[in-house]
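Below, each structure is written out as structure tokens.
The two complexes that follow have chain A in common; it is paired with chain B in the first and with chain C in the second.
Let's look at the complex of A and B:
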């Protein structure tokens, strides 16, 4: 393979004239993390509501929640991104459309919103599985003690369900970080886009992608270990052992 | 709002969307699934091997692929394959590689990591006693795997493998980043040529939705049937 390796490229000044290429990758990383974390907040909030509704006794609410999950799971993320970014401003009343188009950092807000609602469907799916994995006696006991249904969810079902689904939630969080790379198609300068632009300006293709790959791997390792610590902290003694679903009883 | 919605642009471009675009998408999905399952199964066997270098290499590969965004992998392969081609053929310059080959290589090696995890779970779901029994009646490793373990593991995992194929079908839309004309690529080319973003992207979303939902309903039915037989 004939390829002129030049690892020193990371310390050369990038086309913005101020920062090095390494610096521009770091900015990309910050955008990736900011996008993923903001979208994760939306995903957890919306996903929890939808997930709870899917197990709710009201069939219409459950149907609505199921429809939400099917809708967001069966359209590719990239297409959803285009719908929010290109289509939404055209189909809303023109004053709102113009406001949307002129929003500074529009691609960031679009990505956060799109990625949040997309991941919410996955969080909802996990949460439903977590709630259904609890024995039905827990719900009955809660209601029998005179808790209302929302209280039963709040104090009995959800605290256990969230602990059970912590491992799959970890992989959803890793997915949201990786999926934020799709935002480069609507012009967000996240990590993959930063590597791509470094490659375009410096012609050092493989150094740029190696840099981005290493950053993704490091983020991955940090998240996995952080969640493992969280899992240990939150585990209920004698009920849920690390990495395993609820103990049989 | 929808007053100037132009149905005609969709009708006009249907042949291009489906014969050029969707054909590419479906072909890529089918070939990458087949390749991904074969390589993924081999990776799973390596990962479960008691020979440490095998399991370390396979584990490292799977973890590497699973920590990278697909978009970045697409860029890697897009730029790497011409150099590998040059090295293999001994040409003097990086060789030109077609869109289908680039996409096929990308999706096969990327999805192999995910198929590996599915097949590993499938193999581990078969009771150990079966491996031991096969060994006890004198079967070799490949006979044990090929005739006893893998057929059952594969059968148990068919619904999960098909679900992953639906994910793969949706993921192929990301070849947009290297300007390949898959279904979404075709839709977006028309959209930009005719200035009809709303119509084309909504239509693309509807088609993806119908295909994926239909496929996942079929997988759910199949799952119920497989579950009853066992």
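Let's look at the complex of A and C:
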């Protein structure tokens, strides 16, 4: 293979005439972080509501929540992205459609929305499993002391359920960062798109994707360690502690 | 205080309670016993509405439990319940377990609920465990905390659902001692248990259930003297042998 290695490419000026290639990768990283973090907030909020509804006694709410999860996790993320970005503006009333299309940073908002709602389905599924893993007596104990059902969730069930699902939530957090790369298909200049653009203009494909890879890995290592610290701080004495199996009781 | 009138309950086609009627007067201690699957735990959970029932009526202090208009959380706050598996909240310290209901349900302020909590921890002999977590306590200690937690709400009656069944034998007495003291203080108690020694020492009445029916509802001395039903005699002969 004949390939001209040039690691110095990162410090050369990119086609925008102002920033270096490294700089444009950094811009990509910022878009990736902004997208992933915003989507994560939506995923946690919507996923928590849907997950709680799936365990609620009202069968209609539970059915609605189940429907949400099945819809959003059974359609490929890429297809969802296209549906939100290309199809939605055409099927809504034309004034709204035009407004959507002219929205500045439309691809950013679309990605945040799409990725958030998609990941929410997965968070909901995990939260449901976390709540169901608690003994039914916990719910009864909360209700028996006079807490309402929402209060029982708020003070008794959810604090334990979230602790239990912290490890899989960490994986979802990593997934949302990685999945944000799908946004390049609708034109968001996030990290993967930035690396691709660098490769197209400079022909330094290995350097470009090595740079992107390292940035992804560093971000994810930070997330993993942050979540581990969180797990440790939230560990419950005698029940859930990092690295040790739950104590028998 | 607690009136149970002709209560029936079904799980789909299976009838778990068949026309149960009894009552617990103020200050009375009533034991509910019977073989497993007889419906005794289900019955006691109907009393504070944790289990719904399809027929009959239960009133607590004159308030109907089955009535859809009844504010169940408000009613439950006045009836303490102790569970077989303790059901302390594992992410809260012992003290928080005792104050959460007082603060969130009764609207007491933090200081007031702390004072009340420590008073009750003293009573069950666990003052120095206030800052520990349930996972660090033995089963007997957890159950004593659970009793204190229920008492913190100043209940008008206490329900016990097999409070010693999940305990190691050496821890049963520390829990029973607390319950005996409570009974002697005049607390209205409905207790599902197989601890016949406890029944003998504090019960006013003993209810024997089998297959969803109340087979026997007798004064303590009558029950232990000579139960009228064969099923109760058989049950007693089995559990009193050893």
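Operating definition for what follows: the second predicted complex is superposed on the first by the 243 of 249 C-alpha atoms of A that agree within 3 Å, B and C clash if a C-alpha of one lies under 4 Å from a C-alpha of the other, contacts with A are read in each partner's own complex, and residues count from 1 in each chain.
Here is the rule we use: contacts are C-beta pairs under 8 Å (C-beta built on N, C-alpha and C of every residue); 3 or more make two chains touch, one makes a residue touch a chain.
Because the structure is predicted, anything quoted here is derived from the model rather than measured.
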Contacts of A:137 with chain B and chain C, given as first, second, both or neither: second
Most chain A residues touched (candidates chain B, chain C): B
Contacts of A:163 with chain B and chain C, given as first, second, both or neither: second
Partner chain in contact with A:18 - chain B first, chain C second, else both or neither: neither
Partner chain in contact with A:185 - chain B first, chain C second, else both or neither: first
Touched partner set for A:216, first chain B, second chain C, both or neither: first
Chain B versus chain C as contact partner of A:229, first or second or both or neither: neither
Residue ranges of chain B touching chain A (in the complex, touch as defined): 1-2, 64, 67-72, 75-76, 79-80, 83-84, 86-87, 170-171, 173-174, 176-177, 184, 188, 197-198, 201-202, 204-205, 208-209, 212-213, 216
Chain A residues within the chain C interface of the complex: 135, 137-138, 140-148, 151, 155-156, 159-160, 163, 236-239, 247, 249
Interfacial residue positions of chain A with respect to chain B in the complex: 1-3, 70-71, 73-80, 82-83, 86-87, 90-93, 174, 178-182, 184-185, 192, 195-196, 199, 205-206, 209, 212-213, 216-217, 220
Chain A-facing residues of chain C, complex: 45, 48, 50, 72-74, 76-81, 83-85, 87-91, 100-101, 104-106, 132-136, 139, 149-150, 153
